[in-house]
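What follows is a single structure, and I will ask about it in a moment.
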Amino acid sequence: MSITISNISKSYKEVNALNNISFEVKKGELFGLIGPDGAGKTTLFRILTTLLIADEGEATVAGFDVVNDYKSIRNHVGYMPGRFSLYQDLTVEENLNFFATIFGTTIEENYDLIKDIYVQIEPFKNRRAGKLSGGMKQKLALSCALIHKPKVLFLDEPTTGVDPVSRKEFWEMLKRLQQKGITILVSTPYMDEAALCDRIALIQDGKILEIDTPEEIVKHYPKTLYNVRANKMYELIENLKGYEHQYSVYPFGEFVHYSDTRADFDPEALKQYLEAKKLTDIIIEITEPTIEDTFMELAK
Amino acid sequence: MKRFIGFVKKEFYHIFRDRRSLFILFGMPIAQIMLFGFAITNEINNVDIAVLDHSKDATTQEIINKISASKYFSLKEIIEREVDIESVFKKGKVKAVLVFEKDFSKKFIKENHATVQIITDATDPNTANTISNFTSSILKKYQQELNKDVQIAYQIVPQTRMNYNPELKSVFMFVPGVMTIILMLVSAMMTSISITREKELGTMEILLVSPLKPFQVIVGKVIPYIFLSVINAIVIVLLSIFIFKMPIQGSLFLLGAESVLFIVNALSLGILISTISKTQQTAMMVSLMGLMLPVILLSGFIFPITSMPLPLQLISNIIPAKWFIIILKGIMLKGVGLAYLWKETLILLAMTLFFIGVSIKKYKIRLE
Amino acid sequence: MKKENVIQAKNLTKKFGDFTAVDAITFEVGQGEIFGFLGANGAGKTTAMKMLIGISIPTSGAAEVANFDVFTQAEEIKKNIGYMSQKFALYDDLTVKENITFYGGIYGLSRERIKEKRCQLVEELGLQEVVDELVSSLPLGWKQKLAFSVALLHEPKIIFLDEPTGGVDPITRRQFWEMIYKTANDGTTVFVTTHYMDEAEYCDRVSIMVNGKIEALDTPKKLKEQFEAETMNDVFLKLARSPSPALPKGKGEINSNLNEYELKKSSPLGR
């Protein structure tokens, strides 16, 4: 096991940030911690990176205890905090050099690990980090977190505020790093990124809702889910919510995700109900639940 | 060690990249010294005065000539009536009015006693005081000249001598003060800001999750500013020697060593401030209010400590700047050595050790 | 397609020196429409929006917002629009009540009107219990809903939302979109700028900006068909990757110009 967490709890004043959290991350796994802002993701990351001490419970990272062996952990993990945390007034190369030096290594020594990522920003190596675009900053931050060849990599919301193209590239990079045997714990508020992880933990309000592979998690959705569409979105939602057999009604892009309480639900009946409410262009079709649907179901 | 050097290198990058701060760092000492040296001064030069001469005889004329011939005064106006005294002051034309009584010469020669009234504009008490002192001394001198031939028995003539700063040049008084302020500002404020900046940027998190030890971070932060502060101290001393012709009486080596001690003291204060502030703004406010004001007001730089109320006098003892100013004045103006300054040095040293101890203890290896 | 256009932009352009941040964009937004204004960071979204809300004067082109001209009637525009951004919306150190009163005040609502609006708003959002609590103590989702309602306090014709639902939990997010649908249904135009493509899926129509130009503009459905993509995210990826003159290697160069202002914060003696 690369990371073990057992019964971790942590509160700040009145807020219960983490509530009895337990899970394990296997060696070489790409593990996603999925949850909205304020769910406790960052607190958990800080506990695992030895920046905070939990009120209760124990945790180990790469075999070291997060409280007693914090010095060893600090030598063996790479950490990319939520905000862009590099020196904006230093150039790309100076930043990388600095982090290499404080971890007692050199860029050359571990170049093969960061090569894929670093070549993309190398043309700008003499530019100050503060003047890079969002995507490039993120690549630089990842390079810096990797420069000492960590056993475990902690990425706290690495894709927040990054455009879709950079996000995609970033996940591709993570997949490649994983193949090099690095354990990766990544957190994100975006449910669509969850599918890219080996296993995920859904977290909300300091509690773990579910831990499994993305494929398994969506199978846990208890109902048949329908895409419903009509000419007027607002009235559609209102009317679906007013429908006596509705189990859940959530707008979902151009559709509304609808599920029914009855096992023998007939979409045609719903269509008639909606038509009676003067809605037109009605489409009702079965759809696959997503992680987001499961999340909402679990968080209900 | 390599880690540490890498860290210090990074600190220097920060400093040299931030052009504006750098400019202020090095521009400020020069500007302040110039300001205190030329503009803000206790000396009087060519002060405008007026004369109301009720007797208009040879003696008064001679005295008036003597006074206006000196480089301190220039005669601006001769007035005729008492009521005009008020109006020349109100117009702000002159800073002082000399009033000679009627039959001055006659009284002076016959009765050996005549009176000159010196009226000064005391809205600026320092200047007023100086003017009246200077006038009195010119009058006294004149009197002595007249009496040279006549032997009067048993006359006590006080002969004052201004030691250590015979020309009463105020810049000599300001140099130690300015040096103290600058060193305090550069060292304490800049270090506290540079540490809190890492907190604000979030880079402190990464530093904490690295094998760097707390003292490496602290010492690494401090070293560049020791370097900068020493340069500043040298610049100030050079300026005062070459531009204001201020003689440094004592040992330059001792001066250097004491300065380094004070710099380290200020730096440890800076670190202490950074451990209690979360943002650069707080750090700056705390440095300004908590350090700069006491340094300016309570260190004896501007207001003499002996004339403060007792509670403030007691408080001034815990201000490192007070001791440093005493030391500086001792070395620069009096030329005394460690034999005379050991007490102050010891106090400064003890304070420094205390601050370093507290800040290392307070530095967190984790986030709060 | 819709009743009346509340935003009309024609060849709207903004240049900063040699750099063209917004390059002759032309589009219309109808009354009651939910319009998604998409683009990567630095694509020119924010600059374009600043022109539309009357805080930045265009270099050339023309635009009318709520029937007021962006060049000459910026003050009128400001009175007729609402604005909510994820970064700044409410004062954390004021209570819910104080925030509402403050915003009502700056839009010149009378005291009675503010009170009336406040009661209505508090009731709709179910905030009765926390009216006198500091906003900082509210959960993020509540804050956002409150911020949205506050931005609607003066009944603007158009409301501009800047990345309104990033980071919010999925349920609150749905509730937020339901509020948006309701607002649009009541006839207020909703203009959403975002670079989160899943937010785009909810809009009636979306425009995608790449390097200062609008490269695509249609309903999400049609865009997905046109680009043969599953999601808006894929549409965006295809658009950004397409060998159009828009987005090749120099991307970082252009983005950097807009990111420069971030640097200034770290200069302590600067101010």
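Should a chain be cited, it is by its letter among A, B and C, assigned in written order, with residues numbered from 1 in that chain.
Definition applied: a residue touches a chain if its C-beta (ideal position, glycine included) is under 8 Å from a C-beta of that chain, and two chains touch if they have at least 3 such contacts.
On a predicted model such as this, the values are computed, not experimentally measured, just so you know.
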Of every pair of chains, which is linked by the largest number of C-beta contacts? A-C
Could you find the chain whose CA centre sits the greatest distance from that of chain A? B
Whole-Å distance, C-alpha centre of chain A to that of chain C, is 25
For chain B and chain C, what's the span in angstrom between their mean Cα positions? 56
CA centroid of chain A to CA centroid of chain B, Å: 59
Residues of chain B touching at least two other chains: 18, 201
Where chain A touches two or more other chains, by residue: 88-89, 128
Spell out, as numbers or ranges, the residues of chain C touching 2 or more other chains. 266
Quick one: which bits of chain A touch chain B in the complex? Just the residue numbers, please. 46, 49-53, 70-71, 74-75, 77, 79, 81-90, 94, 97-99, 101-104, 128, 144
Can you check the complex and tell me which residues of chain C touch chain A? 40-42, 139-140, 166-172, 174, 177-178, 181-182, 184-185, 195-198, 201-202, 219-221, 231-233, 236-237, 240-241, 251-252, 255-256, 259-260, 262-263, 266
Which residues of chain B touch chain A in the complex? 2-3, 5-7, 9-10, 13-14, 17-18, 201-203, 205-212, 365-367
In the complex, go through chain A and note every residue touching chain C. 35-39, 88-89, 124, 127-128, 130-136, 160-166, 168, 189-192, 204, 232-235, 237, 250-254, 292, 295-296, 299-300
